[in-house]
């Protein structure tokens, strides 16, 4: 179904962030959020960078995709173009940050590449044309929703980890296994929302 | 180029593939597992593509890894992986089976940007010598593949009652098993089983080596 | 006992009854008093007099930071060691000395009152502190009201009520002296009792000096109008009056003897240092008690031998039968401990952080405000030692432990 | 001296088992009324559910080599709540599977009865609703007679008020029938008046927090009034239909007041109740199933700790002023 009106784009943003959270209904970016809880460093800044990269990549990818046309070979090259684009944005960002605010850059240097090149950015940009047809508004809405949804799941994970730090935790479930179960139960809870806007 | 004995390579392989399995212990590369591994066929194709790509990129990176500035290492690594995966996608679609590509259109290319490669891109280059680098790359891909097939196979059995598209005489019919929540829960149980096996093995190891105070686990 | 939760406090049916209405008993035979040779903060005391000396009441028996004084006339008989703590044993000869004519206390100046108080070494039974230092501290603080606290808000104790019933007028005069010494003009005695006993005691006190505590809550509130108030023990006021009137040393105290193992719970007027066995033989034990408690059932200290003495600061002594220690469960998060904490803390959160060694989050929960009333441990349905964990949290709140909590090492 | 317990020697008589006993007592009228309405098979469903919950708790304790004592009654409460939300003609493997999921995957891996992050009954029910929704929402018609058999009885199925709301927008039941419970629906949740009586008992016995239940129902009522399902029903009819259909009232009283997974602070109770209410109504309007209370509860369980901290921070200025006032 091709969607162009801004109302549907807003719906897609809300679905991707909350109702059909991209991380919990397709597993995109779930490994990244688990890894983010283990790295220290400024995480809100990381989420902000991810949001910016997602929107920028979606914005640039759309015109290039129109140029390529919709041949079968073009559809196969899409992922390569998206990764190349996010790599370009990443290099641009490092250059800008290093020049403008070196202190902030030092703080986020280790995790910046993962903020640019990850499954959330690439996945969202890949899903949009495939599922909802050619519309710039939809691409950007989906990428933005995916980034917000990713940060939401990350916050839930932090809250869960804090609640699981107790001595009565069975040793075989302590740590990552319990985190998987926690994500599984959250995914089950999100099944309550209907899937008329589905991303797979 | 430190040459190691065969035994050391075997323990390195066993360590990376099972004891500290990339997926179940480090929590890396979950995206293809949750979304893509709904049938055994999908899992096997992803396993093969991941193994080939990982090995080739790690060899490629060993070659030019040292000369690259640290900023460029991750992007170049991911770009190579993505290019390789596009090639494999084309081969899969042209020669193997188009409907398999249709069902994996999203998760096959995503393999390149999962934390599997990023994680591997970080530690692998420069830490090991080339031969060990190769073994490490293959064993982590193997470990990832084993979990992938396990999850994909189980979910296919439960949700479609078929294994490799051959129907099975089973009573249970749970189409929801292909949803992500089943994958997360299954991963949790597998990770718990592995962690329990690891702690049991660690206890057994401690008990055998006599401690300074004359052994005797109190 | 079934507990209810008025706003940020605890109320429960009191078990004071047989002891509160009985008159105060006296010891029937001369007790062997035991005075410890190490004081509260562990400094040793060396006795000044030799063995078999007779000592007069108020005579200083040892040197050291907080010296010991003889409560009654008696003979220094021996030095005993109980639970590796040395005690001086003094066999009492005469309990009540003859009383000279009372001096006129109303014309004394504040300095004379403080001097008399220091000479008689009066100890406040609410917290075991010297009354002289306490009055000096109250004088500096901006307290505008001095309250003689006769409210026994814990289940068993009724020592304050017994003291007021026996020496009501003297306690009021003592409070007046304490108020004059601390420079506070507004003072009253606070009492919690049924209407008939309250009316009976009000008749013996000067007009308007007795205020009734209507709210049956633990821990009780002293100042209701938000006026900063200071509290002093009722028995301390009585001792201050006797110090100013007769120059008598503060050697006696009224203690409630109760508990489910005691056959006849009652209030007993006894000299400091009386061992528990003496008191329980006076009141009679129904059957073998499992443990003795120095202090009331909420904040008392459990001991298992009955040879230990009763020292200043203890107003209630219990003998408890053996009951099955209840099973301790994990905290189910019912929030009752937070509902009863009168300092508005979160005891379950502090207990959880202390138990899981996550100390960086403790300062924001401000465990230092806790005054050890133990109300949270009483109401906890999972029988967890919440109060002890909160007390442990007070010392731990500075420490940082790497590793446990996810955000602990930031 | 070492084995002497510390300070408080007189303990409140209410402990964890009496709390669970209160909850079981409060639930028993719902079971009794279910028997009156749907026949004796209700006892079979409830019995099997409780027995399987207790058995799974013991089995889990045995596997983890840690003795799990059943005296704290949380497993029994889970079993009873799960069975009360299923139709009387449900196949018996459904409650057993729900209890198994609730205990094995939600309660024991996170540390047993005091440490679970999610309400096991709600999680078990969400799993069963997701996977066997054709069994869970197949309510027997009012006049159907349900035989007392272990196998699933063939009974003609009718739509419950929630189902009618989801499709048609207005229910064919009068308000009297809704309150009394002459309605097709799950075993324990149809008789609204019986549930309100049980709620009052729980509030008096301090087993449940009134703020929690009232704020959840109020939020649902407001949303129902503002967004009725179809244009032709008036706002008070919409409130009545929304509240009395599905297991909203039952959930708000019993499942919301699980002390472990709900917040502790009274202000956080209000926030939590409103959040569950809003999410439930969202799931009713945009959800896949006719009743999304369990899914909403699971989502809010994940953030109940945040509500607590937010309430504690919100009242920080008042605590500072009180601290200055006390000398």
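Going by the order they are written in, the chains are A, B, C and D; count residues from 1 in each one.
Here, contacts are C-beta pairs under 8 Å (C-beta built on N, C-alpha and C of every residue); 3 or more make two chains touch, one makes a residue touch a chain.
Note that the coordinates shown come from a computational prediction; the quantities given were computed from them, not determined experimentally.
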Chain pair with the higher count of C-beta pairs in contact (A-C, A-B): A-B
Central chain of the complex, centres being mean CA coordinates: D
Distance between the centres, which are taken as Cα means, of subunit B and subunit A, whole angstrom: 21
Inter-chain centre distance, subunit A versus subunit C - centres from mean C-alpha coordinates, in Å: 63
Centroid spacing, where centroids are CA-atom means, of subunit A and subunit D in whole angstrom: 34
Centre distance in Å when subunit B and subunit D are each reduced to the mean of their C-alpha atoms: 41
Overlap residues in subunit D, where contacts from two or more other chains coincide: 105, 109, 111-112, 114-115, 130
In subunit C, residues with contacts to at least two other chains: 330
For subunit B, residues contacting two or more additional chains: 176, 179, 181, 185, 188, 192
Contact pairs between chains, per stated definition: A-B, A-C, A-D, B-D, C-D
Complex contact set, residues of subunit C against subunit A: 330, 352, 355-356, 358, 404-407, 409-410
Footprint of subunit B on subunit A - complex, ascending: 24-32, 34-35, 72-73, 76-80, 83-84, 87, 90-91, 94, 113-114, 117-119, 121-123, 126-127, 130, 171-181, 183-185, 187-188, 191, 200
Subunit B to subunit A touching residues, read off their complex: 24-25, 27-31, 33-35, 71-72, 74-75, 78-79, 82-83, 85-86, 89-90, 93, 105-106, 109-110, 112-116, 118-119, 176, 179-185, 187-189, 191-193, 195-196, 199
Contacting residues of subunit A [partner subunit C, same complex]: 37, 40, 158, 161-162, 165-168
Contact footprint of subunit D on subunit B as seen in their complex: 174, 176, 179, 181, 185, 188, 192
